[in-house]
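Below are two complexes that have chain A in common, paired first with chain B and then with chain C.
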Partner chain A sequence: MTNTNCNEMTQKYYRVDRMPHIWCPGCGHGTLMNTVVRAIDKVGLNKDDVVVVSGIGCSSRAPGYMDFNTLHTTHGRALAFATGIKMANPKLHVIVIMGDGDSSAIGGNHLIHAARRNIDITTIVFNNNIYGMTGGQFSPTTPYGDFATTAPFGNIDKAFDLCSLAQGAGATYVGRGTAYHAPLMQKLIEKGLENKGFSFIEGLSLCPTYYGRKNKKGNAFKMHSYFKDNCVDIKVVEKNPEKGENKILIGEFYNSPKTEYTEGYQVIIDKFQK
Partner chain B sequence: MSNNNGYKLVQGNEACVEGALAAGMRFYAGYPITPSTEIAEISAQKLPQIGGKFIQMEDELASMAAIIGGSLAGLKSMTATSGPGFSLMQENIGYAALAEIPCVIVNVQRGGPSTGMPTSPAQGDIMQAKWGTHGDHPSISLTPNSVQETYEYTIKAFNIAEKYRTPVVLLMDETVGHMREKLKIKDSSEIEVINRKKPTCEPKDYVAYRPDEDMVPQMASFGEGYRYHVTGLTHDETGFPTNNNDVSGKLVQRIVDKVEKNIDDITYYEEYRMEDAEIVIVAFGGVSRAAKSAIDDMREKNIKVGMFRPITIWPFLEKQINDVAQKAKEIYVAEMNLGQYFLEVDRVAGKKCPVKKINKINGELITPNEITYAVTGGAIND
Partner chain C sequence: MAEKSLLQNKDWCKGCGVCVGFCPKQVLVIENEKCVIAYPEKCIFCGQCELRCPDNAIYIVGGTKDE
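Now for the complex of A and B:
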């Protein structure tokens, strides 16, 4: 699985002069960012043709460290900006990085509509089940009963399953990895990049600073171990359904290419351009 | 739709699209709303026919975001809306101002607040066009009063947006958007089209937000080999976020100054029968048409009245209003709101001569008679 060697990777794909990054020790976002970069390298995209777009949040700071065309937008709107970019220049490889709140609370509308259009954008959500940047408020993926600064007595909101949401809305490639299962995460992103259409990859992340502390999940090591012990690949569960009981499913959930949006628009141009 | 000798009989909204296309618009993103919808419909029809792109987004937040993305990827981009949608666009209009992304936002004003009066004319978004997004920022708004002018000033809106790398608002009103008049489509050789400055240096030497002497940085499109970072956080010349107070303050000052200090370059107005006018009516957009007619009536009765019509609403034409106030004995500001533009006129002219309001907010146009009545005796708002 190793691509280019580590140091070369860093020099080639990161804006080393922007380091150190803002993330807390043990934060899962850095590992997930690295899986994105490795996937880009593996697929062999030209850096000049890659655009990485994000919203607002700890996760959305990732593009600033990545040496591509990068756009840090407004909270929730990354996919709408990205849609404009992809429409204007379909040759660009457009990747969107968002947090759970960014993508599914304030940006939920844009998520379902980008998925519905099947526009060729590879979307990666760093899901840490909390609003990290603003200090630990609950998000649409905070589990029922968990604690957050705005759910001091336990969260009574029910959580989204982001992959089901994206698939239901029309995404043509869907998968879930974690910050612990980095090689799987990288593989899913590679396949997402190769899918000509809307790809949605959820990366379970961890926020030891807020979610971990509020919910007594222990340090970052313990939170990683939790992923190790509680995640099962869907391929395993398909063969042995009992292995999926009370576990978090990971792996490739859906892969069913359909007509891509900008290609559909190009057909109109070709037919009606004077 | 007749088409003879280069003339067409069209609505203001169609003229807006014609102007946009003439200026080089190749991307439109929008969400339908009365009374601007024809702009989306005609764009959807025309853009693919010239290789351009149209997309109907899920809402106006997304529309505004999409045109910023489209502009960054190299296409001249526009959206059109009315009050409720204009409100939703505000956060990303501020983004375009700070990140210096050229784009045009058309607001065909209708009666507000809220859903208000969707099919009735109003001019209630004057202050919103200036201050709708949070923080200090540059604001440019142009207000045409005819179909032909809508065409001309849509072209100018794009040119200004490109030249100064900033969002420009074309503030129409329902009257102008839906009225039908003849439009002369110009030959491309007669139209001045301005394009954003592109970097001339090598990518490795590109400093994305380093301004030239004109205070405007050069703009590379994504995909041209200049990999750079764009953010809505205050940033230094490299484009990366900074918390440095000095750098942040200077950035906001620069984006305001690049517009305010070039105000002469974006100053457009009309003076009507002002030679010897003692009474001056300040009016713009649809209302200025009624004012003209009222002035002609009053002139027949030897009343020395004229009109100053700002086409550039923002930045405020302080110098011109000041000149008007030097000579006038009385100024009336006629507008379809409760006195928004009046506030600015009064600020500048109020110490030199009395400034009075003529307002109407019930969804009906201000009529020539109402203006005449106000100037010669009563006032319709009291």
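Now for the complex of A and C:
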């Protein structure tokens, strides 16, 4: 039976017969998924022209609930599949949703090369600083010194700054929001969708079940409040650098369009079709 | 203008308490691991609960779009 006891946006863009979703109570992924859907709605994309691709992980379950063309692929490989889709049909709006482990551990190489090519894919990472799905192992974004099931005495690896990584590799639109900063997150995704090139938007998420519990971060509301109190927009820091001390930077970091990959490829095709 | 009202989907609610924490008017409480709209008369329809609920389980209907 179809459940229509929800708002219009949910009825229009979700597979309501598959809900409630599997995520734990308070998981930030649900709030972030809604920011993606609202951004698609705001930009006014036709549902049939949108493809949402994911890898494996709690975050990668998102497309299963989203009523677009969707593809749930293998761990770390979402961008490889997405690249194939975009090359085969450049008219499609391709969106990739990945976890921090998915995008920067097993899938790190796909990420840097997709960014380097500047292929028109909007990539959104739900970064909860942990491998949620497999039980709380540390990931490349687990902060130094934090705890995980595989770091019972504290993590000795240094964390990636995913936005710097993507920008350094060639992404032409880069920004960071959080599950708490849902309106900012939506805006960044809208601009990422409008950028003709590789857009990378990191959404800081919260995993109360593993990362939160291992690191005594409190319940989901407390974890949201942490983002509220500890994030500062880059625009503020540019004017007052001292306001950025010991804070997490959020906002639009980079926006500098360059030649897009499928357009470059079309130029080659045209040469041979003359 | 249609009256606004606050609705919920108890089948989807997981009782996480995020909405309760963000409601500026203490309209909501958690009872038996579900959100309950305990004081609907105090609701100012600010939309905080709907914006932050990870489970799309609470929402406002009525009113015009730009309100």
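Here is the rule we go by: the second predicted complex is superposed on the first by the 267 of 274 C-alpha atoms of A that agree within 3 Å, B and C clash if a C-alpha of one lies under 4 Å from a C-alpha of the other, contacts with A are read in each partner's own complex, and residues count from 1 in each chain.
The definition used in the following text is that contacts are C-beta pairs under 8 Å (C-beta built on N, C-alpha and C of every residue); 3 or more make two chains touch, one makes a residue touch a chain.
Quick caveat, the model's predicted, so the values are computed rather than measured.
Enquirer: Per the contact definition in the header, classify A:G84: touching chain B only (first), chain C only (second), both, or neither.
Expert: first
Enquirer: Using the superposition on chain A described above, determine whether A:Y14 touches chain B (first), chain C (second), both, or neither.
Expert: second
Enquirer: Considering only the touch criterion stated at the top, classify A:N246 as touching first (chain B), second (chain C), both, or neither.
Expert: It touches nothing on chain B or chain C.
Enquirer: Touch check for A:A182: first (chain B), second (chain C), both, or neither?
Expert: In the superposition, A:A182 touches chain C alone.
Enquirer: Quick check on the superposed pair: does A:I268 touch chain B, chain C, both, or neither? Answer first, second, both or neither.
Expert: In the superposition, A:I268 touches chain B alone.
Enquirer: Mind working out whether A:D67 is in touch with chain B, chain C, both or neither, as first, second, both or neither?
Expert: Only chain B; A:D67 stays clear of chain C.
Enquirer: Let me check the overlay on chain A: which residues of chain A are in contact with chain B and also with chain C?
Expert: On chain A, no residue contacts both chain B in one structure and chain C in the other.
Enquirer: What residues of chain C sit close enough to touch chain A in their complex?
Expert: 7, 9, 11-12, 14-18, 20-22, 50-57, 59-61
Enquirer: Contact residues on chain B for chain A in the complex?
Expert: Against chain A, the touching part of chain B is residues 26-27, 29, 48-51, 53, 55, 57-59, 61-63, 65-75, 77, 91-92, 95, 221-225, 227-233, 240-241.
Enquirer: Which positions of chain A touch chain C when the two form their complex?
Expert: Touch list, chain A to chain C: 3, 5-7, 10, 14, 19-21, 23-31, 34, 179-180, 182-183, 208, 219-221, 224-225.
Enquirer: For chain A, which residues are in contact with chain B within the complex?
Expert: Residues of chain A touching chain B: 15, 18, 47-49, 51, 53, 63-64, 67-74, 77, 80-89, 91-92, 109-110, 113, 265, 268-269, 272-274.
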